[in-house]
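Across the two complexes that follow, chain A remains constant while its partner is chain B and subsequently chain C.
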Partner chain A sequence: MLDFLMRRMLLMIPTLFIVSGISFFVIQAPPGDFVTAHVQRLEDRGQIVDREAIEAMRARYGLDQPAHVQYVRWIRSMFRGDLGMSFDWGAPVSRVIARRIPNSLIISLFSFLFVYAVAIPIGMLSATRQYSVADYFFTFVAFVGLGIPNFLFALVMLWVVYSMTGQVLIGLFSAEYVDAAWSWARFMDMLRHVWIPAIIVGTAGTAKIVRVMRASLLDELQKPYVMVARAKGLSRSHVNYKYPFRIAINPVVSTIGWTLPSLITGEMLVSLVLGLPTLAPIFLRALQMQDMYLAGGIVFVLTLLTLLGTLISDILLGWIDPRIRFSSM
Partner chain B sequence: MSLQTTLRKINDFPADLIQRRRDKRRKRLIDEKGKQLLVASQWQLIRWKFARHKLAMASLFLLGIMYLAAIFAEFVSPYDPRSFREQYAMAPPQRIRFFDPHEGRFHLRPFVYSITRQLDPDTWQVTFEEDRTEKQFIRFFVRGSQYRLMNIPFLEGNLRLFGVEEGIISLLGNDTRGRDLFSRIVHGSRISLTVGLLGIAISFFVGVLIGGLSGYFGGLLDVIIQRVIEAIKAIPTIPLWMALSVALPIHWPLTRVYFFIVLILSIIGWTGVARVVRGKFLSLRTEDFVTAAELDGASTGRLIFRYMLPSFYSYVIARLTLEVPAMILGETALSFLGLGLQAPAISWGVMLKDAQHIRVLANAPWMLLPGLFVFIAILAFNFVGDGLRDAADPYSNI
Partner chain C sequence: MATETADDVLSVHDLKSYFFSREGTLRAIDGLSFNLKAGKVLGIAGESGCGKSVTAQSILRILPRHGKTVSGQVLLTRDGKVTDLLALGEESSEIRRIRGKEIAMIFQEPMTSFSPVHTIGDQIIETIRLHRGLSKAQARASAIEILESVGMPHPSRTIDEYPFNLSGGMRQRAMIAMALSCNPRVLIADEPTTAVDVTIQAQVLELIRQMQAQLGMAVIMITHDLGVIAELADHVLIMYLGRGVEFGSVEQIFHNPKHPYTRGLLASIPKLQKGHTLVEPIKGAVPNPYDAPAGCPFHPRCPQFMQGTCEVTMPQVVEVEPGHWVACHLYGGEDQR
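Take a look at the complex of A and B:
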């Protein structure tokens, strides 16, 4: 197991390296840089900026160097855990990200819990009572969940909440906690708000996993050993929970690998629609401002989270399935 | 009585029922088509199997209608999607009626009541009142404003599928500037529905090319390509798409922006195809029929295009259909955020962008309707993709 883990982690290093390259050059791609965007903004406000000041600014940020030099510098500082400076915020990227990332993570985590807590029982129900009213109902709901883009769902929720309560925003905190420091009370307040975005983010994933769970359990229920166990007199629920369910859960666990990125993606769109204080708004702003170290840093951190997600799903799979644990080490 | 049948009696396993039903169906199919089934080509088999998937067939039909409407958008929509009539701004959807309670008469020809704009003197709230005495019958194949079909110079005309003689007809309401939402949705489908198809076409070619290279030649090239694919797949899609689409200059003409958005959306799509193609190439290389062809002196190109590719590309296409929803969603999301196509362009995402303010939503909730069409299109593609995947899988039961 340890061997397997080590190999997996080592494989992540080249991947991360390529990701860093891709994200850097993607963010470099727009013509101009932060300074041109900044000067443009100043000139829009009617201020006159002299050329020397512009060049000085460029030199200070290291923007006068060619792209590959900037990249090498960025990578080198990353090994020291330094993601560079955010031009726009005038603060280290790591600090800007660290301030917002708990909100993003909490929403993603809650929608993750929601997805699996809802999808697994429903999938089991649909499979064990195939073609029943409940099965048709949940299959229908799952299809609706699959078809509705989550940012659209967020818009609809915004409208529903507004027309029912007259409140404009769902938000993450009550008014008195918005700017407060983290405390137990603030955390509890967040719990009261987080479920709406969490459910919105989780719907599509839930729908997909219900289908995976249903299909894999149906496959398993058809196998002869189930029939034999029933013939020997074991009760239906006993058989189901003891054997087919434990095998059918494997494909579901392996979905964790792609649920996490989709939850992170969904969380970004939903946060933008609902105006939640997560990473998403500062990412969008960083892109528009060409604040490239911040944008690149966010892409990098999100990718790291995704990779960790797949790693966790692999570990879980190895843990619950002895066949994987003992063979492909 | 054998043990099997006894067990069957004790257990009314649904799984068993399915098997029995499947056997019956298979028998019927062979009876109907007789020996046809044995000599049918691969495509015929796929078609037959697909036709049995009711939901997929219905979805395909629905998509067919939507694409037809997109092609003949100017004809289908009663108004020019860009013409605005301020006096009808935010007019709600009209109800189409056959029965007039005022007259107590039933009309075979559908009609709508005329609407007039009212301004509440106290609150300045704009409302629309139906004038129950004034009916506007819906006429079909009417002469409307001049248009040019798909902007092709010699396809000018003014024939519209339906319209009214006086007043307005707004099936799905009007937006904040009094533009007809139905006309805009129909025109918007041109962009929103083609993005996915063009996207999978690009993904297919790039994926087959790179996956083929990787699988056929192997070695260091394979290792590098696989690492790159892994890295691209690890980056969450929306942030990557956002970062890429910001790079598109604002002053670009619409068609170029459209094309680049499609390219951006395909950046993720091809990786999946390349993986599948590589896997297939690796396993096919040791198959007997490939070895036989190779010993027969077939060139590399012939080996790939004549023998290896045909054995799995139906599967790849089917799988790609399932990627279309993600691409439609991507375009909609990007345009919605203001990063994709911009205002003079009409797409469902651009239209939804107008609906994102709560003030607008509260007064004109019908502006969310483009979202309904996104929903329908995504669901339909999901069903068609499911059906195609099942049909193209040579190992599934007939």
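Take a look at the complex of A and C:
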């Protein structure tokens, strides 16, 4: 197991390199750079910027170097834990990200909990009562959930809540807590707001996991070991809990790996629509402004989080399934 | 088939188990009767799809979802007390006290018959604790003892192994240990040698014979292999399309087979004669069970088919010699619809 963990963690290093490289060059790909965008904005306001000042600015930011040199510099400083400076914010990227990331994580975490807490019992119900009214009902709801785009669902929810309660559900905190330090009261206030984005982000994922859980359990319920366990004299519910439920959960655990990235991207879209103070708005702005170190830093952090999530799902899977624990590890 | 006697431990009367699906009703068992004597081995033989396994599942009331036993009686005699298993609820505590304790079963696939994520010890100990009310430690000690008695190497270590770490033969030994762990009155072995290597088959049969002699239980040995029957059984029931066609002692069936189907089965066992292998297959195939033929179900394949009789009426069961019963128009008897 330890051996397996070490190997998995080592594998994360090249993955991070590749993702950071690709994202760096993609961010660089559009013509111009931050200085061009900055000058453009100044000129729009009627200011005249002379050439020398522009070149000086480029040199200061290191933007006069070729792209690969900039990349190597960026990566090198990353090893020292320095994600670079945000041109736009005039502050270290790490500080800009650190202020926003807890909110992103909170929404992702809550939608993650929502997805699995709702999907697993519904999947079990659908499988044990296959072709029942409940099965058809939840299958229908799941496909509707899968079919509605997140941003549209967010808009619909905004409208529904507004027309029913007169409240505009924008933001993650009530006005008095927006800039307050973390406290119990602020946490409770956050709980009152977080469920809407969590449900919106989680709906599509829930629908998928319900299908995975249902299919996997239907498979297990007709395995011979179920009949063997019944032949021993165990009651049906005891048999179900001890054997097929337990085994059918394995494929569901392995979905954690691909659920996390989709939750994170889903969270981005929904945050933009609902105006939540997460990474999403600053990421979008960084891309528009060609604030490449900030954009690159956000991609890097998101990649790292996704890889960690996959690692956790693999550890969980190895922990609950001896077939994995004893093989290729 | 066969008359009831006092030493019957299990007797099945006119059992009917059907499967209901969109394609229609499959009459997997359609009026089956037989008796099992205490301490004896009854072999049930027939081609694939004749309802052998469904018989076993009907007795224990563990049919798969779409299956249902629609009529009949399954009488279990325990110390003079007779219980009709079909009168008990499928999930009642009475039937659950009988499953695994009074009637235990060995399944065909030792690999998939164990949960892959629990150790074999876990699964054996569970049965022991359920029926014998032992503490965890006692049940474990008992499980190790049983594993040892079925010839499992290093039982105190293998008890903590997962099924996928054991060989096919060892898994089948574990399966047998699990079935025997509560000293059942009746052991049903459903094709116990089909899924294991030829070399292991003989060992598994020998083990079942040995345990049967040691524990004195009655055994129902379900197989498509008449060689297995000849080796182990005291009595034989030949099944065709959900019905019993012939019942008798192993000598009667092998030396004086009456039903054309039994004769066909015996003739289809490969024999070596003058260096040639002679096999006489039964012509045709088992009919579609959704659409069983009228009259005697075997008539489309029967070499002694009698026009005007066999395809019209169902043959009655006749006793052709003491203890030897056959359902065939060749041996007369009153007509029965």
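In this text, the second predicted complex is superposed on the first by the 325 of 329 C-alpha atoms of A that agree within 3 Å, B and C clash if a C-alpha of one lies under 4 Å from a C-alpha of the other, contacts with A are read in each partner's own complex, and residues count from 1 in each chain.
Following the convention adopted for this analysis, a residue touches a chain if its C-beta (ideal position, glycine included) is under 8 Å from a C-beta of that chain, and two chains touch if they have at least 3 such contacts.
Bear in mind the structure is a predicted one, so any value in this text is a computation, not a measurement.
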| item | value |
| --- | --- |
| Which superposed partner A:222 touches (first chain B, second chain C, both, neither) | both |
| Partner chain(s) touched by A:243 [first = chain B, second = chain C, both, neither] | second |
| Touched partner set for A:265, first chain B, second chain C, both or neither | first |
| Partner chain in contact with A:230 - chain B first, chain C second, else both or neither | both |
| First (chain B), second (chain C), both or neither touched by A:316 | neither |
| Shared chain A contacts, counted only where both chain B and chain C touch the same residue | 222, 227, 230-231 |
| In the complex, chain C residues that touch chain A | 57, 60, 62, 64-65, 91, 96-101, 104-105, 107-109, 112-118, 123, 126-127, 130-131, 162, 164-165, 178 |
| Chain B - residues contacting chain A, complex | 7, 10-11, 13-16, 18-19, 227-228, 230-232, 234-240, 242-244, 246-247, 249, 325, 329, 332-333, 336-337, 339, 352, 355-356, 358, 361-362, 365, 368, 371, 374-376, 378-379, 382 |
| Contact set on chain A toward chain B in their complex | 14-16, 18-19, 22-23, 26-27, 29-31, 130-131, 143, 146-149, 151-152, 155-156, 158-159, 162-163, 168, 218, 221-222, 226-227, 230-231, 261, 264-265, 268-269, 272-273, 283-284, 287-288, 295, 298-299, 302-303, 306-307, 310 |
| In the complex, chain A residues that touch chain C | 222-225, 227-236, 242-243, 246-247, 250, 320-323, 326 |
